[in-house]
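Below, each structure is written out as structure tokens.
Two complexes, one shared chain (chain A), two partners (chain B, chain C).
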Partner chain A sequence: MPDYTLRIRRYSPESGEAAHWDEFPVDLEGHRSVLDGILQIKDRLDGTVGIRCACQQAICGSCGVRVNGRPVLACHLHLDEAFERAADGVIVVEPMGNMPVLKDLIVDMHEVHWKKIQRVTPWLIPDGDPPEREYIVPRDKMIDVTQTMACIQCGACVSDCLSMEVDPLFIGPAALAKAYRFVGDPRDGQQEQRVRDLAEDPHGIYDCTHCFNCIEACPKGVAPMSQIMRLRRIAGDHGIEDRNNGHRHETAFVRNIEKNGLLHEADLLPDSYGGKFHPRAVPVLVSSLPTIVRALQRRKVTPARALLHKHKAPKEVKRIFRDVHDREERYELNLYVVGEEENGQ
Partner chain B sequence: MKVAYWPGCVSRGFAPELHGAMARVAPLLDIELVELDRAACCGAGVIAEHNQELADTLNARTFALAQQEIAKGADLMMNICSTCQGAQSECQERLDANTPYRDHVNETLSAEGLTYEKGIANKHLLWLLVEEIGLDAVKAKVKRPLTDLRVGPFYGCYIVRPTTRLGIDREHPRDRYLHQLIDALGGTVVDYAGQYKCCGFPIITMNQQASLTQAGRHVGDAMDAAADCLVTPCPLCHLNLDLQQPAAAGIVGRPLNMPVLHLPQLLGLALGLEPKELGMDKHVVKPSSVIDWSTSVVASAA
Partner chain C sequence: MPVYDVLIIGAGLAGQRAALAAARTGATVAIMSKVHPVRSHSNAAAGGINAALNPDDSWESHAFDTIKGSDYLGDQDAIEIMCREAPDEVLWLEHAGVTFHRNADGRLGTRAFGGASAARTYYIADITGQALLHVLYEQLMKHHTQIDRYEEWFITGLAQDDEGHCTGAVARNIHDGSMELFSAKSTILASGGSGQCFKPTTNALICTGDGMAQAYRIGAPLMDMEMVQYHPTTLAENGILITEGARGEGAHLYNAQGERFMEKYAPNKMELASRDVVSRAEQTEINEGRGFPDGTVALDITKVPRKRTLEALREIVNIGRDFAGVDITREPIRIRPGCHYMMGGVKADVHGRTSVPGLYAAGEVACVSVHGGNRLGANSLLDTLIFGRRAGEHAAARAAGMDRPVGHRALVRDHERRIAELMHRTGGRRVSEIRDELGTMMNEKVAVFRDHAGLTEAHEVVRRLKEEARTATIDDHGAIFNQDVLGAIELEYMLDVAECIVVGALERKESRGAQFRTDFPKRDDEEWLKHINLSFNGGDTPAVSYTPVSITKWEPQERTY
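Our next item is the complex of A and B:
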């Protein structure tokens, strides 16, 4: 029977001692899970190892941990796969990130994750009186939110969110995916208010840095970042000019490409704040002066190139912008919903 | 090898030294660059955030233009920007996975007489070096090994995540290619905390504090790990890590002085090109720890 070694991060805040690592041998076949390994350690070697778990079949979302630096459900990763990715042959197990540790592998989900979920008003607020019987919703109007409904609240995406790492107040991937579950629900009557709230919040939808960590982390294919992008699109539909310049930046970027074909950075910065002479843009441009001067000094940019952008969009590119913008409804393919075709299709 | 070459926007805008360095390096590796000069911006994720179909159509057009070059003898499409790679891979995933959708997008392209055929090979220079040219062949051309140079790889996001979309698997450990390349060029790889993290650039106009905290921390981590320089496959990361480094230092409250090289610059140095030819004088953080300017040889910090 193959043996594995698990290196587990130990920490008990009450003990007053610093965190440390303990190594334990595990006597299990490779197809057994990392959670099985941890439970064997608890059973045979050290009953004080703290881990939260329940269903052991990747549906309750309790056993989120980091294995070899990546967030996973401990019950959803085989020991042999974990071993393959172990840098020095030892499987490293530590608690999830971005949340305080309660004990060993158990983090305080309440303090971070659940408070953020509460933040997005995670319940349906229909307009008017409820119908006498059930709500009737066409299937195709509801299917779009099924992806976010697959979330099991394990916190893997929260653990590795890089925006939250530098801005702990960021609402975060799990809660924003949850927000889309209601924003995209045809029965909800508060779509505009919901997206306005999330767009105006300095730690809301425009604080996501587009790093794909949540997409990579999610064991259920929820792709929280894609849901955040959907929220941004809908905020744009409602014409919300948020205080974070999120929508302005998006619009400025799109117009920049429609006009120039290639990005003209010297225009994008002021336009993201409303234009070169807008009161909002002036302080930003002034504070960016040292950066601009450095770029000029190092001949990264020449004044002529910064002011005159030679490249103009070919007329065919302009036509594509027109054609797509003229459609009555956005055509948005979601592979989670439609699936991928078999080869040869 | 002949490639349909997509330089992207930033390499011809605020990071012109990248495009320039690529042009210098290409002949040394027998890469013939056929520039896709009619193609448009990949959207950098922002156009997709605005309208997915628009981004997919613009990139399908770029792919179709590349396929015209491939029909004329180019081997594949090559880019030099992680953000282009990631944004284009995302569009390609949708276009390749669904025939009715691809037909719909091609309908828009048809007015120009263009069609995208499923399955284009679009590789970042980094992938091309490892998978098409081969690191042994690259190594054989090294004239100035980066001996004793401690290089921190900065991968960023778009070229490594999501792993399935970017084709990272056991046979293609693309999330280790920078490591392998630094090694092949004779340098020493320095691992540090931020090498797979976000540079912060996408939110620079929305949350400058968070954006520059990201850049500043990664540079600081690399300094703590005693790196001489960083190398990145992404010009947008370069903007936040190099152009904004003095501002980032202010935000994280520690002095930062870490040269950041574009991938073709590091490659070019090892292949014997001079630092100035590679545009290394255009960086905000002077690459003094990489280059001894008096002799133009590569040297680590004393």
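Our next item is the complex of A and C:
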């Protein structure tokens, strides 16, 4: 009697057959990993099953797969946990998303992942010659960039990035987290050029839709989306008004909430382009007319609700804004530096 | 047919450092690995990298600690070079972008490590190897026009000309199964260790001794192969490593009776004695019935302040939680000695040259020998970088004055034919069965304590498994990502290496460093202050020869911690 059943998505370009599912019994205790299960299948039942793997302890980043629809390192998920989340008692293992499948669970990371890493100029560019000894830099700054150094390039975040699904050219969570590793590094001399480049790129930092999938997917706590948000803030610090209108949109969004408490969409769009009467806003408003008309037809909005927004931000919302504004130091979204202490644990 | 000045096999720290050093001289360089470079096992070196960079410290002190740690089997000329060059290497890394931990004043900070008389270990949390590996890969991406990367290519054998010089290698593109001869004026092996000969092991599945076996088969001797490091703190079931950094930060070891047993074995250094000493102490406690029923002792990290643990030992917090179900900040974790590192390897000089002209070796695949009978923690990263760089520089200089080597396509056809034969074998044992039997047996008979009877039995088993491996069954007959066939070739590599480990251990009739013979429990400098070299001579067991240990200014002394 096997302890678990794995349903593995199979694909071999040589066979000429379409992708299909194979089920295999696995005879292991529940605290063993899904990778242990797959390796047992390869060892005992079918040596043709393809999966990359090396360290078996979640540091080499080889064995990224989807288990029951969620991106994980196969070595990093226990069979019993996978079983609990399995829809029909069968643990479903398939290749990661957003990347072409080469064979079974092996995807092509080169085209989708590594080329984008190369795109963010992933090496330190200091100003001038190095000092005789080490660069002297604040301790916390080094611990801060260590969070992004913790990235093992497994591709789990890329696998489930919604923006990349819509825009395959999006630089993506892993490469942008890698970019923060240099932007946040006080030894690098190109901070402004780097964030300008990433802000102006139509597939850059403002292409992220804050879906949080990458934060949930990351097995190493890198929190790529948080790093993207920090890149945006630094772009703002440098006063970069990007051609994608990303920075203005973000500012308009924050002001909108501060004022109304709830999002007032009719204001958001023109405000993102400088206000209703700004020349930049006019073509955008005109081009969005069909959407507005459709929304009116379907009674998603009424003319009154669209034009008059009487809701004022409640005290609680105002207090949140005040608290944030009054902080002496910016909240840096970095577990290595703040998270654990502030949780009071 | 690709031709390069320097071909580097393996893309961990030693290989990448060699590539960068060779490219800097203007040589044409290729770096090739059976995995993507950032998947290499250098990732696993958690704790740090040693260098006497602090003004209060000295390279002589670092050298002496290393020599004493090696139980005087390390070659002192090589150790001097490594320790002298260490500070500049750490600064080079820092300037290249490594995010080393800083002190409150913004300068590089250190932590204590085993067997060291000063805190000279530089680190990045407990992901030092990973951080170094990824920063070197950043540099490979920066220099992508000078260094060709062949990622996911598997070496099936080294090429030799009529005079016996190494002229490159034959490799299989894992993506499509095509075979290619890469001709090179100089070839550097940087393909790592062979921990997979043991089960369990801290080593990744890819550490199958490929380079050691490839060099051995073309006549390069292997040295110090009996010296297999058992790391004191590994998880019992799966061999996962708990970094020595934990003890460096102040964690203690206890037996099941709650005694801090290192008091008996190393009253001065306690938990920070060198690894062979701590592992032997643990195994003695376990063998004499003072361990826990699962054959472990306890590592108590709760001694370290929680905030410090979360900042500096974050990875093992995760490992404890995910792989042992233990919150190490609140309770002790059960550990035992486990196979970790090969001090031995392809015999190489301080420029990485092996006995085969044109063939270099650096990193764990090589034996320079800077680790002798026992490697100190945080000296392995240093070894890979110093001797990787030196091999890269020397290999490029050698290539500068040479003609293009002549490659023979016939060699590719030989290898293709061999793989085709292998691929259609049926009816034998499964590769995995042979591999498991090998690893389990090695971990029983060739571990912390060894004796003649056990080693003799081990040798018989290895020889039987070698026979069985010749007919092992292969399921996968395809060309694309055929991992099955690569597994069979890796098994052959592992068996060659395992045989050398066993023969070396049988040969050395004394106890020194990682080699403890219960039938010869004393160190014997009269007879055995020498390296054991094992060479392939066409016969069925390796031929044994010896080389003297280089002693510059540190005469062997009794070794206590």
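Going forward, the second predicted complex is superposed on the first by the 283 of 345 C-alpha atoms of A that agree within 3 Å, B and C clash if a C-alpha of one lies under 4 Å from a C-alpha of the other, contacts with A are read in each partner's own complex, and residues count from 1 in each chain.
Definition applied: a residue touches a chain if its C-beta (ideal position, glycine included) is under 8 Å from a C-beta of that chain, and two chains touch if they have at least 3 such contacts.
Nothing here was measured: the structure is a model prediction, and the numbers come from that model.
Student: Of the two partner chains, chain B (first) and chain C (second), which one does A:I215 touch, if any: first, second, both, or neither?
Tutor: first
Student: With both complexes overlaid on chain A, does A:N244 touch chain B (first), chain C (second), both or neither?
Tutor: first
Student: Using the superposition on chain A described above, determine whether A:T48 touches chain B (first), chain C (second), both, or neither.
Tutor: second
Student: In the overlaid three-chain picture, which partner chain does A:A19 touch, first (chain B) or second (chain C), both, or neither?
Tutor: A:A19 sits against neither chain B nor chain C.
Student: Touch test for A:P122: chain B only (first), chain C only (second), both, or neither?
Tutor: Touch status of A:P122: second partner only.
Student: For A:P290, using the defined touch cut-off, is the partner it touches chain B, chain C, both, or neither? Pick first, second, both or neither.
Tutor: Touch partner of A:P290: chain B, not chain C.
Student: Can A:K103 be said to touch chain B (first), chain C (second), both, or neither?
Tutor: Only chain C; A:K103 stays clear of chain B.
Student: Quick one: classify A:L308 as touching chain B (first), chain C (second), both or neither.
Tutor: In the superposed model, A:L308 contacts neither chain B nor chain C.
Student: Report, in rising order, the residues of chain A that make contact with chain B in one complex and with chain C in the other.
Tutor: After superposing on chain A, chain A residues 340-341, 345 contact both chain B and chain C.
Student: Give the list of chain C residues in touch with chain A in this complex.
Tutor: 35-36, 38-41, 43-44, 91, 94-97, 99-109, 124-125, 127, 130-131, 134, 138-139, 141-142, 144, 151, 175, 204-206, 238, 240-241, 306-307, 310-311, 314-315, 318-319, 322-323, 325, 430-433, 436, 474-476, 478-481, 483-484, 487
Student: In the complex, go through chain A and note every residue touching chain B.
Tutor: 162-163, 165-167, 170, 202, 206-213, 215-216, 229, 232-233, 236, 244-246, 249-251, 253-254, 257, 261-265, 269, 272-273, 290-291, 294-295, 298-301, 311, 313-314, 316-317, 319-321, 323-325, 327, 330-333, 335, 338, 340-341, 345
Student: Can you list the chain B residues touching chain A in their complex?
Tutor: Residues 9-10, 12-17, 38, 40-41, 43-54, 56-58, 61, 86, 93-94, 97-99, 101, 104, 108-109, 111-112, 157-158, 161-163, 197-198, 200, 202-203, 205-207, 209-211, 213-214, 217, 243-244, 246-247, 281-284 of chain B touch chain A in their complex.
Student: Could you pull out which chain A residues touch chain C in their complex?
Tutor: Counting only chain A, the residues touching chain C are 12-15, 31, 42-44, 46-48, 50, 52-62, 76, 102-104, 106, 109-110, 117-118, 122-124, 126, 130, 133-139, 142-143, 145-146, 149-153, 181-182, 185, 187, 336, 340-341, 345.
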